[in-house]
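For clarity, chains are labelled A, B and C in written order, and residue numbers in each chain start from 1.
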């Protein structure tokens, strides 16, 4: 209906409507992946044309990934999701939008790349922020987005929690106290990772930005003038960036094939190289070696190891009235 | 604040007060209203015309311009028809609930547009009240053109009626009654008698409604879904560019809307001369 | 739709019923239902679902209260400024003749014509530390962007025309013979204004300020650019409603939205009441 209306409008207006592609998919993604997919999409389009002779346009929508998941449940017609958190796709699976066994549909548990929460500090690191401990100090302003809307921020929460558990020999109460202190140092919780970056880099609020390593790398490059410095903490949590075909929509629109091809493409060497260049860690060893300078050593723990899996995290931490609600005092 | 009286009986002290007030008014208006307007063009063109053109011609911005125009073109005739119908209904007939109907028609003026967007989500969203019905009929409203158009209609709905209604009431129905007695049909009466009388007010209302349709931000932002190059209207595109850290692009996009605003302003001034 | 349409006929003359009742009623009801009423009803139903206890909890939560307080305070600041500025502009535009008056008059409509997002973008850049205004204010230690002052300025900009445009016509129609009499009797210009002119324009002035205040409360587009949206500090209530929505917290969103609608309704009633005192509306002929 929309296309027909749009075409009719184009005729009425006498304006050239954008060329009608043979294939069109909508990739609904997390907030800070804007530049990444702007770079990846043309490469896929070219490959798709070579393979099938068909043109494809890939539309993008970016926002905090939980917010995006909600929009899809409300009817945002996503064909594929490229999120930064398993739970946000699980929500879609529960809503019947995504296949239940979506984790088996693609390699590496459906995660073509991964990253970890890392820090970005101001020139010369004036507050000497080197590790999670330093974030809980009084007088340090910490910037990360709203953990209710942003998967990015939930990783920050989990990483800080994991660090404290590690340090306090698994003492849950101490870990909660520690995370609470960090939360109390956050002056503003933006809705998505990019808004948090803007708050830190453009508005000059805060001493340290916590976001995906991929974002700290890209932003440090983009704000070369400001001489922002990347800091990798001693321990962080593995942040998988899971992908899935939104079967419900894709079958409806007849885009299942191109959607799957698009996600497969993310595992191809070409795509992995673009990913690594944009500071995302990939599983391909050769490419990782090629961009070794982008990826400092870090001890990575997983949600499974520390928290016993995503279901448990969801239940104990993120559900309404869970531990996150208890430490997220700034409500 | 020392007000002055008309020049006719103004002694010298009044005259100095007069120039003081005029000066103050001009200065304040310059600072508050004019400079922000000029600043948009200044920033948009700060990188030179080539960069400005490049930003305007960026595919997503171009599409946003196109979508904004489309929304304006679709909403305008609906607003005109409904505005005239509402004015006719309320000015020419009495019926129970007439006052209540007028209040409901004007309701959108007192509801914040962003709240309107929330209402739309609660009604037309897949999780909303009508969600199951819409899904069953495969009707997509939100995150697509229909949703953007509908929520724009919500925001711009009262403009035409509000301009036309007072005029129709003031003019009375004498001429229409006469035409009716002479055997004219309803359509003839409307076209030959009513329309010529209300045309300037109608046009004025249309200009106001269109200006608002082009510039609506809050309501549309909730129902758009932010699909780049698809459901981004110009005002949304401005925010997106701003958040993408592309300030020059944001100002370039903003300058097109500012130009539209200036055209609206000129039309409005001309029409006011006609309607008053 | 078969309600007999009867027109209140002026003294003694029998009138015929004009056509189009069914058609216009059908059109208007369809439109009002689909576009206006159903969405608002959806909000009310959602609000009713929450239950009074939870509703009260949401509305009185510290963050909600802080947002409401900020919204109302900033709107009040904006309205005080607009009331004074609007009065000044109305007076200058009506009572004085000077070169550029018509241009100045046209300028008053800029805030209505300019999309709010554009206004927000421009004001934010102007008042930011390296903007034209920010540069002047920073040395004095005044920061506007990301403070309540920024919120107030954005609100003020978008509601400038209300006071001017409601007071202007009344001032134009004002019979000046009373003023002249007052002056002849030796009243100072200030006394003349305070005792003769101001009471005459007071109702329209109040209507204008009430609408300006209502509009400021609901302003979103211009504010979110300049406010910085810090929770508990510079987060406006309508934004909080959207944030709750995005957090899946539909109850929270609906409760806050309903509160805002309720405040707007109260203001609407006040302004209608003032308006009915201002002009006794004639029944349509």
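Criterion: a residue touches a chain if its C-beta (ideal position, glycine included) is under 8 Å from a C-beta of that chain, and two chains touch if they have at least 3 such contacts.
Small disclaimer: the values here were computed from a predicted structure and weren't measured.
Looking at the partners of chain A and chain B together, the chains they share are C. Across A-C and B-C, it is B-C that has more C-beta pairs touching. If you average the Cα atoms of chain A and of chain B, the two centres end up 38 Å apart.
The centroid of the Cα atoms in chain A and the matching centroid in chain C are 40 Å apart. Chain geometry summary: the mean Cα position of chain B and that of chain C are 15 Å apart. Counting only residues that touch two or more partner chains, chain C has 245. Multi-chain contact residues, meaning those touching two or more other chains, occur in chain B at positions 121, 127-128.
Counting only residues that touch two or more partner chains, chain A has none. Chain C meets chain B in the complex at residues 3, 5-8, 15-16, 18-21, 23-25, 27-28, 31-32, 34-43, 45-46, 84-85, 87-89, 91-93, 95-98, 100, 102, 104, 106-119, 121-123, 125-126, 132, 156-157, 160, 176, 179-180, 183, 189-190, 192-193, 197, 214, 217-221, 225, 238-239, 241-242, 245, 250, 253-254, 257, 260-261, 264-265, 267-268, 282, 284-285. Those residues of chain B that touch chain C in the shared complex are 1-7, 9, 13-14, 17-18, 21-22, 24-26, 28-29, 32-37, 39-40, 43, 78, 81-82, 85-86, 88-96, 101, 104-105, 107-108, 110-124, 127-130, 150, 153-154, 157, 168-169, 172-174, 176-177, 180-181, 185-186, 189-190, 208, 211, 214-218, 222, 234-236, 238-239, 242, 247, 250-251, 254, 257-258, 261-262, 264-265, 268-269.
Partner chain A is touched in their complex by these residues of chain B: 59, 63, 66, 69-70, 73-74, 121, 125-128, 131, 134, 138-146, 225-230, 243-245. Of all the residues in chain C, the ones that touch chain A in their complex are 61-63, 146, 228-233, 243, 245-249.
Put simply, chain A touches chain B in their complex at residues 1-2, 5-6, 9, 12-13, 15, 17-18, 26, 34, 59-63, 71, 73-77, 194-195, 198, 201-202, 222, 252.
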